[in-house]
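Here come two complexes built around chain A, the first alongside chain B, the second alongside chain C.
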Partner chain A sequence: MQAQTDALPRRAALPWPPVSYRTRIRAWGVGFVLPTIAFFAFFKYGPMLWAFWLSFTSYDMMGTPRLVGFDNFTSIAHDPMFIQALGNTLVYIAGATIFITLVALGLALAVSQRVPGSRAYMSGMFLTNVMPIVAVCLVWRFLLHPHGLVNQMLSPFGFRRIDWLTDPSLAMGAIVGVTVWRFAPYFMVVFVAAIVAIPADFYEAAEIDGAARWGRFRHITIPLIMPQLFFVIVVSALLSARIFLMPFLITGGGPGGATRVLSMLVYETGFSYMKMGRAASISVALFAIAMVFTVLQMRLFMRGEED
Partner chain B sequence: MDSRTSPSLVGRRGFLMTAAAAGVGAALPPSVPRVASAQQAPTRAPVKLTFWTWENPQQRPYQHRRIQQYTQQFPNISVEFQYFTFTDLGKKVSVGYATGTAPDGFATGDWLMPTWLSRKLIAPLDVSLLGYPSLDAFRNDHAEAFVAGSIQDGKAYGYPMWFYGLENWANTKQFKEVGLDPVRDEPKTWDELGEVAKRLTIKKGDRFERQGFKFAMHAAQWTMVQFNPILLQAGGQWFDRTGKCTVNNAAGVKAMQIRSSIAKKYGAEDPADSLATAPIPWMDWLKERCSMFSAVPMGPGAIKPINPAMESEGYYKAYLMPGVTADRRYSTCYGFNLVVNSQAPREKQEVLHHLYRYMMGDLIDCWRATTPFTFARKSGWTDHPDVRNAANIDAIIRAKDTGVFLPRTPVWNELADAMHRAVQKVMLANGDPRQALDEAAAEVDRATDEFKKS
Partner chain C sequence: MVRRLPSVRRMLPWLAVPPLAALTLLLILPIIWMLSTSFQSGDKMYQLTTEWIPKVWHPENYPNALSRAAFPLFFLNSAVVSIAVMVGNIIFCTLAGYGLAKYRFPGDRFVLLAILSTLMLPLEVTLVPTFLIIHKLGWLNTYQGIFAPLLVDAFGIFLMRQFILKIPTDYLEAARIDGVGEFGILWRIIVPQCKSAIAVLAIFAFRDSWDQFLWPLVVVSRDDFRTYPLGLVRFGEDYGNPPTEQMAIAVLATIPVFVLFILLQRFVKTGFGLSGLKG
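And now, the complex of A and B:
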């Protein structure tokens, strides 16, 4: 025994103090997420902080940024172009969010009826979301042309020519329509997943109790898909807040600035007018709007759940 | 040469021919740049350049061809060639500067020269590398008013290429169809244009089968090109001496009323039928969907691919743009400069000089490829038979020589966008011209103030 004990080599002392098992597990966890954190820090949060700092400077991309305090923010607050773009953005966010939610929910209810072919129909509708956005915008620009296919389809029903993209009162509605066409099927899938997960027993019980279709929808379907409803509203609002390509490609922000949204103003101010500091201040304003929307919606839904 | 000729006779002939060539060369004015010799490479080291230009069905392929020929002659030099739409090139270059991806050299419209110069984004040119002994020789060899926009503080910053004015292009077959004479009924004033356009218009219900005259509505640059001469003809100006935008004064309002009259007063234009859906602005005219269109010089090379019948039968004619009065007819003239990115390395800048000189070294070859786009350079092309025999050349050259320039301001983009919105408000939303111009002027003044502060 003595000889066996003497034969075992002594473990060399580690250069660092012994680490507990829990700490080691945590370190491994941090190590695994660190690349992702670094990625986001470098490509997402770093530029955000840089833009935030730029918003307090005057910077034309050639010299060095010059601190100007809140001058950019006070300037844009009195700028009619910013106010118009802000209004357009809010109208777009409200319109797109409401109609995306309604259309997606409607499509989901229709598709979840489990009629033959509903799955194929759902897959077909989802194609609108995977089409390249530039192609979508260019095709819709032709479809909504005064002599385009949409007007030609409407004219047999007695509709006169509609200037979808050149009438300032209609252009934003047209952009919202294209947005709904593109994104509603995506959120439809979210709703379908939620609806089919509702146990059929609830509907059977309600039917036995004499609840009509609308009552079953209002008191069973809506409450049980509330988390998904919240998700769709928040995400569609956030997507709408940062929309750029659709108004840029379809109307160019016209007519007369009627469809110019804040992200377009950021682009024009920064890259066309070479005022990066001012552009950054507009993007900070856009960020604030998105945050306000999100917080308001979260509070609204949380209050609803508490009730 | 006949191989049986005696060596001594060849020697004398050869001597005489060489002497004659030397004499002709000596007799040429010193301002004519010598074409870059194929033997004289700018450098032996490998150089990779990036060059951006704008899309035009004739000009862009010619530039590309010349660059390809250049890189074949000098294999150590490669050029990454990119092109963008005419309306987007300026913004694309701006974005390039913002992101550090601007090209080493690019072509720019002359109206953007103040934008680049005010921010020191382009480098001064060494005119000696372009074949000129002095700045004065360079200046004297180009249309003076045009080259003035590329010279600042005694240095040249742009090497001029094409330079031309806009004409009123008319479909003479359609003129005859409605009983108009293409010569006698040439519209000389805006009112005459409206009346002629009205007769040429064909409408079925609220749908235009054919528009009598069309302004391009799709891009801010085109809005400026078209509105500029009307404003000046009406007695207005873009800025006063203090730099304040004056487009919203009485002359500006009158100009806007003229601009909108073709659609609103004469019913000869559909402003909502935007040309944004056409690949080139003058497509509707080439497709005979409008009878007259204000456009750049067009020749067989531009017309034949789209409308072979129009080209072969020749039923098109270029008029001077109309005026407020018949004796004040002029259009906008503009052109393009080759410029060098001030941030490009010194060696690349020198090679770009060599490339640019090569690109514009053979104006007759350029003319043949891009007829009838005229040049800023005075010498070496105007008297050539190919030029004198080009269709509509008199109107084209007169438009260039009498044209007015776009306003040269460092806030050009802001001005163009503001005017574009103003025109859209009036044409598409029935907005009040005065109010629309007031808003545009206010936007420009804000932009000017911010530029001065920065």
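And now, the complex of A and C:
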């Protein structure tokens, strides 16, 4: 490393004609980005194109992929299991995104008040992000058991045994709940950083003008944390689109497929049934969903760049 | 109106302490449950009440769990993979972030958007072809097969780029005039000022890789390369393994991430606000 840096100063010496000097600097810039471009070409865009191509084939890893046209797509479009998984994924994304955002914002507002020990609450809450997801799933599977802690804590309020994980109408809600528990404290930190950055005199001025608590929140806090709000919504939607482990471990996709999401269907189709072509066509649907939120993220980013 | 404010201001914060403390406790209750359960005796699990502090402690759950399956090896495998992913992200994301923040070259804008658009291509989407690539490379059941597709992450690049953008370009120009090369600028000026961003990057790269489940599940079929999440799930599926020992492994798996957070916390304080794409 040292030898390399010692050898460099010659390049930067000024006698070079300005154009060539700038070109040299530029070349360094390209050089810094190049490994990443190569990586993404190989592990992101290459696989993307391959997945598109595979989705038009039938391939079981024996022999070579056989082109079948749109067969995979027409087949999955008529497959109730796919329709159900697609619906589940969309419901999950919507539920998780909405509740992560609301809970994260609520926690951030609570924690960012000038309350004694607010940093301690924040660090405490953030611990939900330190636990590995596997551990999260295993623990919550016990907590949501009919005799588990959640029902034990609800029983004084008159709730009878609730079958969180085996009642088809509750299972997805339970998974969303675990997701919110896990991710809301993370996004809380994003909100806190933005809320703390709002100058205190904004609020004082509003207070003097007689603005109530809600009015101050609505007209000062919300507009000023808008970029973070969009960021949290889009990123939690992208996160939720990828969900696999929580339904896989907590409910196994059940009851009756009520929590089976697209990534589980891709895994089962490709790696349990070895239908790689069909699995690729299902992942195209997952891709389409992720693309919507990525485009939103890019527009958000571009707007931020213009500021 | 204005006169009333000070006393209210002094009272109000303390009134908020009990509910906030209760809320925090409620949120970390599952973690406390995990800890407490890992020290219980196996048959206590199926009681109708939760015994928060074990009447009889069973620390032997830990050595028992570790000896029942090859967990020391699984943890080692996870550590190797996660450290590789962490180092890869630190190197590549810093390089790319620096290149994108401080250099103009033809197509730089396009590269930026191309990197951002990989957010729509997580491993869950490219699972089948990425598996086929690793298969073709002969990397099934190898460490590099598990970590290679995770070595760079778009979020990490943006974290570094947004952070480096804030470093005044004048510093770089001054260094160039002093004859420092481009790599020297990165190493001596950029990196020392980016410690907090690199700390955030390191933590999350490690954590995300430590959490990986689906990808190792697909590329690993042999015990020698199984990571601890695969081992733990299989351990739970095997009949007769007490859940308390499962929790012991879960506690052990939490420790490395926890320690990393504690170690890097002083950097994180400043770096965290930047974890958003918009700096």
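Brief remarks follow.
In this section, the second predicted complex is superposed on the first by the 273 of 307 C-alpha atoms of A that agree within 3 Å, B and C clash if a C-alpha of one lies under 4 Å from a C-alpha of the other, contacts with A are read in each partner's own complex, and residues count from 1 in each chain.
Going forward, contacts are C-beta pairs under 8 Å (C-beta built on N, C-alpha and C of every residue); 3 or more make two chains touch, one makes a residue touch a chain.
Computed from a predicted model, the values in this text were never measured in an experiment.
Once chain A of one complex is fitted onto chain A of the other, the partner contacts of A:F271 extend to both chain B and chain C. Look at A:M81: by the touch rule set out above, it reaches chain B but stays clear of chain C. In the superposed model, A:Q152 lies in contact with chain C only, and not with chain B. In the superposed model, A:R161 makes contact with chain B only, not with chain C.
When the shared chain is aligned, no partner comes close enough to touch A:T64: not chain B, not chain C. Contacts of A:S20 after superposition: neither chain B nor chain C is touched. Judged by the touch definition given at the top, the superposed model places A:G256 against chain B, while chain C stays out of reach. If you count the residues of chain A touched by chain B and by chain C, you find the higher number for C.
Of the two partner chains placed by superposition, chain B and chain C are both touched by A:F142.
Overlaid on A, the two complexes show chain B and chain C touching the same residues of chain A, namely 142, 147, 270-271, 276. Here chain C touches chain A in the complex through residues 2, 5, 13-14, 16-17, 20-21, 23-25, 27-31, 33-34, 37, 45-46, 48-50, 92-93, 95-96, 98-100, 102-105, 108, 111, 113-122, 124-133, 148-149, 151-152, 157, 176-177, 179-184, 186-188, 207, 210-211, 213-214, 217-218, 228-229, 232-233, 236, 243, 246-247, 250-251, 253-254, 257-258, 261, 272-273, 275-279, going by the rule given at the top.
Those residues of chain A lying in contact with chain C across their complex are 1, 4-5, 7-9, 11-14, 25-33, 35-37, 39-40, 42-48, 50-51, 54, 107, 110-111, 113-118, 120-121, 124-125, 127-136, 138-140, 142-143, 147, 149, 152, 181, 185, 189-190, 193-194, 197, 207-208, 227-228, 231, 238, 241-242, 244-245, 248-249, 263, 266-267, 270-271, 276, 279-280, 283, 286-287, 290-291, 293-294, 297-298, 300-301, 304.
Within the complex formed with chain B, the residues of chain A that make contact are 58, 60-62, 66, 75, 79-81, 141-142, 145-147, 160-161, 163, 165-168, 252, 254-258, 268, 270-276, 278. If you check the complex, the residues on chain B that touch chain A are 90-91, 94-95, 97-98, 115, 119-121, 206-207, 218, 270-274, 276-277, 411, 413-414, 417, 420-422, 424-425, 428-429, 431, 436, 439, 442-443, 446-447, 450, 453-454.
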